[in-house]
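Input: one structure, supplied below.
As written, the chains take the letters A, B, C and D, and residue 1 is the first residue of each chain.
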Amino acid sequence: MKRLLPLGLGLGIAAWLLPYGLDGYAMHVVDVAVVFALLGIGLGLVMGVAGQVNLAQVAFFGIGAYTCAILTTRAGLGFWVAAALALLAAVLIGLIVSIPALRVQSHYLGIVTLGLALAFLNWVTNAGVAGKSEGISDLPVPPMFGIDLSSDYLFYYVEIIVFAIALAFALFVVRAPLGRRLRAMRDDSLAAAALGAEIPLLRITAFVLSGLYGGVAGVLYAGLIRYVAPETFSIANMFLLLAMVIIGGRQSIVGCVLGAVVLSLIREVLVDFSVYAQLGYGTVVVLMVVFAPTGLAGLPALWLRRFRASQGRAELHSFVPYGEARAPEPGRVALEIREVSKRFKGLLALDRVSMTVTDGEIRGVVGPNGSGKTTLFNIVSGFYACEVGRVLLSGEDVTGFRPYRLSQAGVARTFQNLRLFGDLTVRENILVALDRTRTAWIWRYLVRPLAVVRQSRDLGRQADELLERFGLAEFAAAQPRALPYGIQRRVEIARAMAMGPRLLLLDEPAAGLNGEEVRRLAEIVRALRDSGVTVVIIEHNMGLVMSLCDRVTVLSSGRVIADGPPREVAAVPEVIEAYLGESTYLSLPGDVSQEAGR
Amino acid sequence: MSTLTVEGLGLRYGGVRAVHDVAFSVAAGEAVGIIGANGAGKTSTLKAIMGLAPRTAAVLRYGERDLNRTPAHQVVRAGIGYVPEGRHVFPGLSVENNLLLGAYTRSWRRISFDQVYGLFPVLAEMRHRLAGALSGGQQQMLAIGRALMSQPRLILLDEPSMGLSPKLVEDILAVLKRLNEDGTAILLVEQNAKLTFEVTTRSLVMENGEIAMTGTSQALRGDPKVRRIYLGL
Amino acid sequence: MSPHKPHRRSHRVWAATAACLALGVLAACSAPGDTGGGASDTGPIKIANVNAQSGQLSSLGQWETKGVKLAIEEVNKAGGINGRTIQLDVLDDQGDPTVGTNLARKIASEGYVAMLGTAESAVTLAMAPILKDAKIPNITSGQSPKLAALKSPFLFLNAPTSVTYDETLAKYLVDTKGYKKIAMISNNGTYGTGEHDAFKASLQTRNVTPLADEVVTPDQKDFSANLTAIRQQDPEVLFIGAEEVESGLIVKQARELGVKAVIAGGAPLGTPVYVTTAGADNAEGSVVSSPYLGNDVNDATKAFAAAYKAAYNEEAELHGAKAYDGAKILLEALKKTGGAGGQALADAIRGVGRNGLLGQFAYDDSGVGVHATQIGLIKAGGLVAEPTS
Amino acid sequence: MQVFLQTLVGGIGFGAVYALVAMGFSIVYRTMGLVNFAHGSVVMIGAYTASTFSMAGRLPFPLAIAVAIVVTGLVGLIIERVLRPLEGRDFDLMLIGTIGFGTVLEALAILIWGATGHAVPSPVAAAPVDILGIRIRTYSLVVIVVAAAATVLLALFLQRTKRGVAMQAAAMDPQAATAVGIHVGRSNAIAFAIGAGLAALAGGLIGPMLYVSPTMGGSLGIKGFAAAIIGGFGNIPGAILGGLAFGILDSFAAGTFQGYSELVVFVVFAVAIMIRPTGIFGERTVNRA
């Protein structure tokens, strides 16, 4: 970050001096490029950072420009007043366009947003107030303390200042806890929800942000061109914008800016060969998507990774137990499941399952494949709603709570097949979980950015502590998917613990671990329990279950068939039948009940 | 006659080591079992043999055929039939189409369902039903029937007893015995140890992706160590 | 992190701010900008032809460019103006007003004396203020009444506006032919809206109210609902305000639905594209209001058509003729100013009284030079002049 | 009443074409889980190829369409081959990749055929059928019949032929399909080619109804895609129903809301998708979870 400051400063000075070397036309081209760069940031935020396929960015742009045009020419408002209202309108439209995102994602969202962009285009082409297909001309020159902004040169300075602020804010948001949450949602919305991210609100936020940037770009466009017409906001331009963001690198704000500027300039150079330009950028988009999905911005990292691979390896350190331990209250119930049933398309996955986990216990949940263990976890962590039965957390009824609310209520979980955020670093994975603020807190990003910085720094310190405790400090900057499986498992547990949970649900934490790793896992889980966390663990590794758990609940075909201390459970005939085959088969030398009794 | 030979077989999912250094062989006409608890690597072993998951193996051959260099869709042409775990019939296709697909590598002109319908008369009755509409047991029969349609000399079965009633398990058991008596080699993966021991002459016990024990089914049947491996005692 | 670092950072930020302020002051003192850029007095005279060369509307643009080129080549062959050749640069606006404004700046800063085009009123409207500020005359092929309403001293039309087209049409249909039952269908694009408004106004002055007034979108494919509504009114005349292709589609579907009304409209109905899209049988008898009814109207058009055919091996048509007229007027004016541009050139254009392919040009202060169109009919797939009764 | 019926008939005529386009989307999605945003452009290429061969090449119209189907089938194979590395990895990236392909195809069409486009004479010269004042275009009838025939043929192919059954199997369970000896990759490529071929059929048929130009694929593609979603993405009967529904909605909106029809159509579509994201028949697809 600090190394980037001189670079940014240099670029800033270069940008400031740029007009002195340009003729009037080149200046205008640069002015337009800056507008597209702003649009690119907006699209990058919503699509690259938050993972929402948004093909209505060009409509946000249009809303900004048109509102500005309509309010200045029809309502006679001053330019800057109109501009402020235009931003508001763009944000509002962003809010409206985000509503489908709450229901559908991916290609569905793509076609819906594309449809809404067409609807907008259709509206401005028809509405008399929007000047119909001829658009609105003769927008006033934005007043600026006597500086003549009709000059492209001087307007450039307005643009570049707005752009610098917008870029800085975007970079700030992406690096701040909000951006981290958005990226976490993009990588895995389920896991993000389990960590307390309010997915619907985050999606709305993403669209509102892109609306805001679209609006800013629209206002600048209105001030620069002083003419608006429907063609400018066409689908062809939407795809051009998309190409900019993909070629630049959608996940990187700087990449989006780079893509926008580069493509704007190329388009200008090839203005007399627009078909070839179209052919060219279409081809580049296809090639980028296949060979360099991270775009131009991702290329250095791609090359660096190859280079770094040969360097020395980081080492996993041992876990440092939590010092302070909260003494469990004997007999106090941490989790109670009452008569829960769950049905999938006629298949009864859970059939009146009840179990009670006391405070400070390590509870094992075992059973053959398909016996309903993970379904049970999904109900306790809020991913599934159960039709029948109740779930109580420390006596409080939490049945039907959404995952983020359960997370806030102190439930943390890991996943059978590891759901780490693949494009976030290990440290960021931890940070997402550490951030316990509500999403509604985001108003502070606009009003009190310093408070955000302070919080951010605080979280960073906690993350470092936690990484140290779990022996992961040397992997802080690594991407999880590049790490050995055993370490990924540890990261996931550390991430769950970062939430400071009361109840920890571990879904097959030993799957894929070797003997030594399983032993260390057992140590960690015990230490976590000792620090006051109640643990429920689904596991196939029976050795681990038998040695680690205080009590074991056995599920078979969605029903509880045994519940008790491990040794006792192992002697229950139904359990052996469920595992080995028929129970008659047990009457063998060395009766099981005798063995269990030893 | 062909022998399936496996040496140094390993398989990883992402970073997970599911199978490590597994070696065994199945001679022509032999019935071999692989048993073990959930997650022991049994299913992965079969998938590795079939080439359905990226694997590494020092030796992986069936008779003259080097399976290491055979693409997954060609394995069936070597004479190996596969009954996947969880049946995996094609739910949207009719029973007959499912069976026909079993014979995908053969010409459909002179195809006969007699063998399969003889083994599983119920499938003949249901031949026009969608496979997805069958009961679990019927689907299991269909999955076995589908594998038989390729006229394999070795058939790999993955947990054919899963989720079936004892009566149906008995039926399946009888079919497997009959197939074996008729000369088809069997590699049976099961969690149900009892069933396995009844069908096979030799078995391997897997634990954590490795072979923990091997022996004749007769000997393993009486060995309490098997149970300990299962229950983690 | 040591406690000193934030302090040092804040120093840097201050330094940066100060630097920016200094630069800002610098910028305010001597704002960057063009010093040169004006037209030079030696070398070739640069004229820009801006038209859509790509995109949906490029057929129009390509016709216009052919007409312009023809005129320029004639002058260059004859030795140019004051010994200076004319350099014609074709710039592609892609039919997009934003690209148009970019090009207007390019024209202003790269020494062009005048601009010809565009065929798209919306693009011309977007460019007009910039060209006006730069004092660069523009002879456009657009025909929107809004162009005339701008009253820009640097904007000239090479053809009548929609008002003229539709006034002529209404006069013929209502006054001459006595039709009263008239239905309208027009699209909401620039051209369609202009036609819609102008024709409706012309009808109103004659106290005729259209039986139906259907509005469609330029992208629409199926006109069943609109045309059935029209059919129910059983009109004598169906007025169409849409570009060539859509007009053709509307007529084709109208005939298929059994609409028997006489089809009437502006220049697009006189083109081969319209006729082939509608089908020659369906287009038969369409009434067209156009300033250019064909290549054998008089000697001038015959000569033009022959030259056009020789140069491009295809038949000349309205748009090429329009653009040719516009280019000729510009060249005549340039001859008067001796190649100089700016206000002088604009005044010179206004003074040109050319008897052109489209009629007698006489510019008024709204920039309109031709004030009349004629009525033509589609006969056997071609456009012929209505035998004046 | 007459307006209503006539509008309905008009909507069905175009709906049949949307249905063909939607079917192409669906078969590709169902077998490969790929949303091909370039499909509209493939339709355009099909329309150009068919019309060029029938007009300049003087081939009989059905033969010209057959040639077009081959050409677009090849285009489909190329798209599939290029994007194959992304299969099953990043859905959104594939989506954007196909948008890129659409752009490329459009530019190529301009380079080959020019930007202007051309009108295509109707291959059926007969006068419209008049039933109680409702006019039905003969060519629309041809389109509806061909679309219906194509649907039936496709259904027969999928149900009765070895290749068709295998393609369905590969879509339902790629691993089990591999185990019985089906080359899933090749099966997918063929599915993609069939989808592209359907595009050519749609394009060839719609040529004489409209005007063939490089930009015609845009709105056809968007509306065909929307139709596929309305019917239940990946579902063949759903595609037919969705196509007809969209055609009819389009027609009535044009009559009722005039210039604002597009706004209404897309807002209705957005609301419909929010209420029932899986469409009329529910999504049928390979399992991508």
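FYI, a residue touches a chain if its C-beta (ideal position, glycine included) is under 8 Å from a C-beta of that chain, and two chains touch if they have at least 3 such contacts.
On a predicted model such as this, the values are computed, not experimentally measured, just so you know.
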{"item": "Pair exhibiting more inter-chain C-beta contacts, C-D or A-B", "value": "C-D"}
{"item": "Distance from chain D to chain C - Cα centre to Cα centre, in angstrom", "value": "36"}
{"item": "Centroid distance [mean C-alpha coordinates] between chain B and chain A, Å", "value": "42"}
{"item": "Separation of chain B from chain C, taking each centre as the mean of its C-alpha atoms, in whole Å", "value": "76"}
{"item": "Whole-Å gap separating chain A and chain C, where each centre is the average of the chain's CA atoms", "value": "50"}
{"item": "Sites on chain D at which at least two other chains make contact", "value": "110, 115, 259, 261-262"}
{"item": "Residues within chain A bordering two or more other chains", "value": "122, 125-126, 275, 278"}
{"item": "Chain-to-chain touches, reported pairwise for every pair that qualifies", "value": "A-B, A-C, A-D, B-D, C-D"}
{"item": "Complex contact set, residues of chain B against chain A", "value": "13-18, 37-39, 161-163, 166, 191-195, 208, 222, 224, 227, 230-233"}
{"item": "Sites on chain A touched by chain D in the complex", "value": "51, 53, 99-100, 103-104, 106-108, 110-112, 114-116, 118-119, 121-123, 125-126, 235, 239, 242-243, 246, 275-276, 278-279, 281-286, 289-290, 293"}
{"item": "Chain B to chain D touching residues, read off their complex", "value": "50-52, 71-77, 82, 84, 88-93, 97, 100-102, 104-105, 108, 146, 150"}
{"item": "Residues of chain A that touch chain B when the two form their complex", "value": "368-370, 481, 483-486, 488, 508, 511-512, 514-515, 540-546, 557, 570, 575-576, 579-582, 585-586, 588-590, 592, 595-596"}
{"item": "Footprint of chain B on chain D - complex, ascending", "value": "159, 162, 165-166, 168-169, 172-173, 175-184"}
